[in-house]
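Input: structures, listed below.
In what follows, chain A forms one complex with chain B and a second complex with chain C.
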Partner chain A sequence: MTSTLNGITLKGSAELVANFFSFGINSILYQRGIYPPETFSRITQYDMNLQLTTDPKLKNYLTKVVSQLKEWLFECTVQKFVLVITCLETNEVLERWQFDIDCDKSAKESSAPREKSIKIIQDEIRSVMRQITATVTFLPLLETPCAFDLLVYTDKDLLVPDKWEASGPQIIDQSEEVRLRSFATSIHKVNSMVAYKRTDSV
Partner chain B sequence: MELLEAGERVHSNNRYLQLDGEKKQMELSHKRARYELEKAASDSARDLEHEVDRNQDLLGRLKKFQERETEAAKNLSEQVEANRALRKNMEGLNRKLEERDTRLNTANQTIIYLKDEIRELTQRIQNQDSTTSSQTLENQELQEQLDLQRRKHQEVSQLCQSLQAAQSSCSEHIVKIKELERRLALQEQDIAIVKTVKSAVAKVPDLEKDLKRLREDNAFLRESRENCSLLKEEVEGLRRKLERMEKKKEELVNIELEKERLAEKLKAWENLGQSTGLNIRKPEDLSREVIHIQQREIALKEQNYTLSSRVRSAERSQNEHRGELGLQRSKTLEEQKKRETQDSLVRRLQKRVLLLTKERDGMRAILESYDSELAPTEYTPQLNRRLREAEDILQKTQSHNVEMEAQLTKAQEETGTLKLQLQTVELELESLKKHQASAADSNTSGTKEELNILRQKIEDLESERQRLEEQNNILEMRLERHMLQGDYDPIKTQVLHFKMNPTTVAKQLRQQDIDALREEVTRLSELVRSLQEGGAMVQGDSSINASLSPSLLPSKEVVDLRKQMEILELRNQRLKEVFQSKIQEFRTVCYVLTGYQIDITTENQYRLTSVYVEHMDDSLLFKKGSNGSMQLMETVFSKTLGEMMALHLHHQKSIPAFLSAVTLDLFSRQTTI
Partner chain C sequence: MPAGNGRFLNKPITGALTGILNRVSSSSRNSNFRKKRERNNRVCCRKVNVSFKRLCENLDKMAQFGFENDIHSILKLDMPITNAPMARWQRKASSSNASALNGLSPGKSANVSLSTTKTPSKTPGKNKKQTPSKMGGDRFIPTRNSKQMDVASFLLTKENETVDTNEQNATSENQKAMSMSLNGYNIEEAKILHLGGKPLNAPEGYQNNLKVLYSQGATPASVKKTRHISSTPDRILDAPELRNDFYLNLLDWSSCNVLAVALHNCVYLLDASQGEITLLMKLEREEDYICSLSWTKEGSYLAIGTSDCQTQLWDVYNQKHLRSMASHTSRVVSLSWNDHVLSSGSRSGHIHHHDVRVANHHIATLTGHSQEVCGLQWSPDGRYLASGGNDNMVYVWPRVQDGPANQAVHCWSEHQGAVKALAWCPWQPNILASGGGTSDRHIRIWNVNSGSCISSLDTQSQISSLVFAPNYKELVSAHGYAHNNVVIWKYPSLTRVAELNGHEDRVLSLILSPDFSTVATVAGDETIRMWKSFELDPIKKKAKERLAKSTSGVIHQSIR
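Here is the complex of A and B:
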């Protein structure tokens, strides 16, 4: 992953956060059953067993998005990262996994690396991943065929890159929100939460 | 050595001579070569002249030939044109010949054609003659048949008329029977009515007695009702009187109380004169006293107002004096401050002077030291530099000093102004306190009111602040909630996503699936429709076959099955017709040969009608028993044949003999009649 030193540079922090998102999205897709479980393979990361997809199209899409996200994390221009799960039949948004990113803008490229133990950061990430797995107990079942989308909330004046376009926020109508754990490298702080559509109103 | 050298010299001389000779030879050869070359050159020049002459000759010849050629070409073209003209003439003549040929051919063809037509027409005429003759023959035959049919028709119509007459008589009888039945029913109803009326009549005298009794009761009840109403009215009148009496009693009691009260008041008023000690006996005296008292009051009030105005003017003058006093004090303070600032300035200037003198002394000492230590010129630039540096430092320090002094003066001025303010505020406070203490009694209410107003304002502001704080908290919570749900500030944030994201891809795939399914559905519905229509068409159009190409086999089967079905139905129908005709034929043959028409009326019952019967209704009825034997049933006609029945059926036990005996008997009767 990153270096074994204790200091975290801006580049290293961006890479940590991007890797977390990559594995986190895979985990959510596996847990919520968006893609069939047989298309996932088990790997070891953060000292725990996680599922990673083997579907080439999905892998390609994820690598593109995560690499762009890493650039934006390095520039500290990204505010939120959202995974939206939509029902294909009714075009309604059923679930929304939102990760708020706070970036310490005073840490520029040239400043000295900040002190935070990699192990502590890994522990925090591990607890967030465990919590994501545990949300299965209270989230409503997704019975209809669903598809997912990844949204990025960035600063307004940011240049929209090729192959990206502006989108709506895709907010759930009548939602319940649950805040999950957060983790922080010394430069970026990521807060996680999940919002789902209330079942009695469906 | 010398020999060697001589030898060498000789050798070299030899060599030299050899070389000389060679050189001369070469020069000779060179000259010879040159001579030959010159010769060759002259020869070639001559040749060249020859060639040039020849060339010119050839050019002249060429020109002549070219002229001849052009003339020849002109001749040729003229000849070609003449040729063409001749050819055109030829072609025209050829065409005319051809036209004449074609005309001849067409004429021949028309002749042939007309001859054929003549032949055909003659043949047709012959055919038609033959057909007319055959048709006349047929016509005659048909007319004979027509006559036969007409005769038959007349017979049948006569039979029909007789049948209709019989039917009408039947219907008349039926109508009469119905009418009689209806009358019978009516009569029965009348009988029933008569019986009920008799029973009713028997009850009449009892009813009359009851009626009388009821009338008497009625009259009695009416009288009692009238008495009742009269009594009720009396009761009401008495009740009202009672109420009025009670009211009057109450009023009486109240009036007596009032009378007592008024008597007391009168006594009090009469005693007033005695209690106050004034000379009061009548109300006029009382009013006079009141007027006196009011006048005294007015006078006292006037005095009060004048005193209060004097007090206020005194207070105003006091305040003015106080203000003047305060101003004077502030002025004195200012003067004091000015004096202090001046003193501080003086002190500072003295310090500066001291510093400057010290610097000057120091500089002088340095200069003297430098003068005393005058050395080679190397030092002077150094010294100058040092001097300049020192001057710079000095200037800097001086400027720093000046700034410091300026800051110090500013600070002192500020403190002075603050002290002034403080003293003025203290003065005001003292004046206010004195003012408060002196005017405490007269202005308590005013200050209290002001205090209350101020307190209320403070309380209002506090409540407003709390309300705003609560609102702020609520709004912050709402904002937090919206941020959780994913809301964003469009001024600062934009939301981006990848164009080819899985949701759009899935939606596109879904749409494609839906479209494909819709197309299949339309195709299948068309197929179903065509199958339903395909039953009428046996073979099916090629278009339908093309559209049904995937399901060609089933439609073919269906068509085959339908064909088979039609064939079977046709066969069925034909069989029925054949059976019908056969049966009819057999029946007629039986009738003709045996003389009896056998009809089946109901199950196992056979009706025989003979050819020779006098009336159409005369028939014999036979029933088939359970064991298979035939039994004769009784009919009108069979009663007339009692003898023959006894003979043939009872004695001979032969039905055919009986039937033949009946036939013979009827035949004999017919022939005789």
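Here is the complex of A and C:
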């Protein structure tokens, strides 16, 4: 943890948020059954048991995205981070997990570490992770094979790195939205919400 | 065909019609159709109707089957009409939609309506094309759902708008708000990126089976359609003079498909396959009455318990009374066979074992109950005898042993009412189901090996009888106060499958037919109803018949 005991630096904050995203994405992939549960292994993080994928291609992909995200978080140029779940055959968007990132732009690399206890941040992260797991109770089951995609909303004038392409927002039409908890390091604030396709039945 | 919606039908029909009818050699009506072809498309439907009729008559006469096929395909009006032009009201609606969306021209109405309105299948298509000769064009129509048509058109047309300096601020705010709502973000200030490359999908053929984990109850894949269980009985028989006494067991169905019922002091046999009813016997004294009936496993002998403390044994085939066994001090209300041993329970609370082959039939006594032993059942493997009494106790006794005292293996007092309903599970060994009377109303499932109660279910009515139905693995319960019905429960989940209502008074006894497809119930309303609720599919039936073994009994040789 690259942060002092009580203070959070920009770098530390970026790392915290990026880690959260990494575990969060893994958790969502596991809970929603996008990948077979056998390909996940259990690890302990944030004082709770989380699932992390062991599939090498997936791991590689996620690492690339998260490390790029960390950079952007450090530069405070990222606005949202979205996980989109689409039906494999029809390319219809079924679920959309959106994490809004509020970055305090006044914090710079050299500024003094802000006061916020790591423990509190971890508690907040843990409650968000728990909520993600709990969403399975109301999210409609994904009956068809699904694919997922990760989208990053960045500032307009950002230099697009290699391999990254432009994409549409992939909004669900007729969606139900549920806001989840948010957590904040003293520099970044992350709001979470999930949107899913309204099912006609019930 | 509704006249008002003529536009839905005319173009393809008349177009095709004219094509066909041009081939028709002679008809005075040809001229009508030719005129129609030249006329405008808004033809009244009624005329088309009448023309159809005449056309069909012509076809019949001419018997040119190729035409028939074409006509039939046209007459099938259940396909969406794609060729007719959009109705005026629809054009207006879509153009007003377009104007609501910033900057989109009416010409692009097609794509707007695609994304914003739910298009019912019957509305005419939005593409203006020539009438093809057959329904369903053969052009490539691309799907544009994944492309951001709204974003694209907004961006395209944004530059064409006249910029009024006074209103610029207002419109730009409008635009901003619009783009926010359209896209979920402000295009001016952010862009969306994703990591390109090959899509990362789960391994081929992996199907999310979380439904197994997370869904309760029925999911489309897992639910088996419950069979149709008729709510009315297959047969209703009159049973006059039936004694409406909860503790008696007056119904039994033999393995030869003969139903025996005791009406007061007579025993009638109903051949369930033929429908014949015969009177087997009648007690001599008017004041006596029959208390219980039990067929042997082979169905050739019937044991009858009477109110004068006797147990009679009858050879049914010869209609001959074989013997009377007296050993009880009060009426014999329950009987159960275990090969050559007949167990009888009486009002005294005692259970006697009789070896019917020997003269000294009374071989053992089981004491435990303090009141009437109304429920008595040997397990299918013959290892245990379950007895239930008016003292709310359930006892499980081991197989007859030599020796003076027989100790009960289990003694359960959980029921709060008289336990008359007892049933052993035929497909799972050592499982006993018991049902309590009016003050208890619970079905309890016991494991005889461990002695524990596996589950308990409140049925809200007095339970007079329980039977396991192996065809669909169900438990059937007969109820008295207050529902007077028969309930079918799924075993082991004990979820209610069906209710068989019809009896007007408490159901006293319930018995399963030898082929397991029907249950017969007798009630205080003096009727016997047969419910064919467990009919198997013919395929399954054949499979079962192949597996069935015939059980032969040795008893018919040994009884004298």
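For the reader, a short list of remarks on this structure follows.
To be clear about the criterion, the second predicted complex is superposed on the first by the 196 of 202 C-alpha atoms of A that agree within 3 Å, B and C clash if a C-alpha of one lies under 4 Å from a C-alpha of the other, contacts with A are read in each partner's own complex, and residues count from 1 in each chain.
One rule holds for everything that comes next: a contact is a pair of C-beta atoms (placed from the backbone, for glycine too) under 8 Å apart; a residue touches a chain by one contact, two chains touch by 3 or more.
Remember, it's a predicted structure, so these values are computed and weren't measured experimentally.
Look at A:Glu143: by the touch rule set out above, it reaches chain C but stays clear of chain B. When the shared chain is aligned, no partner comes close enough to touch A:Thr9: not chain B, not chain C.
Of the two partner chains, both chain B and chain C are touched by A:Ser167. When the two structures are aligned on the shared chain, A:Glu177 is found in touch with chain B, with no touch to chain C. By the document's definition of touching, of the two partners only chain B reaches A:Met193; chain C does not. Of the two partner chains, neither chain B nor chain C is touched by A:Thr185.
By the touch criterion stated above, A:Gly33 is placed in contact with chain C alone, chain B being left untouched.
In the three-chain superposition model, chain A touches both chain B and chain C at residues 58, 61, 64-65, 79-80, 82, 88, 91, 145, 147-156, 158, 160, 163-169, 171.
Partner chain C is touched in their complex by these residues of chain A: 32-36, 57-58, 61, 64-65, 68, 79-80, 82, 88, 91-92, 136-137, 141-156, 158, 160, 163-169, 171, 173.
Within the complex formed with chain A, the residues of chain B that make contact are 481, 483-488, 490-507, 510. Within the complex formed with chain A, the residues of chain C that make contact are 115, 145-146, 148, 151, 183-185, 188-197, 199-203, 206-211, 214-215, 219. Interface residues of chain A, counted against chain B in their complex, comprise 58, 61, 64-65, 79-80, 82, 84, 86, 88, 91, 96, 98, 100, 145, 147-156, 158, 160, 163-172, 175, 177, 179, 193, 195.
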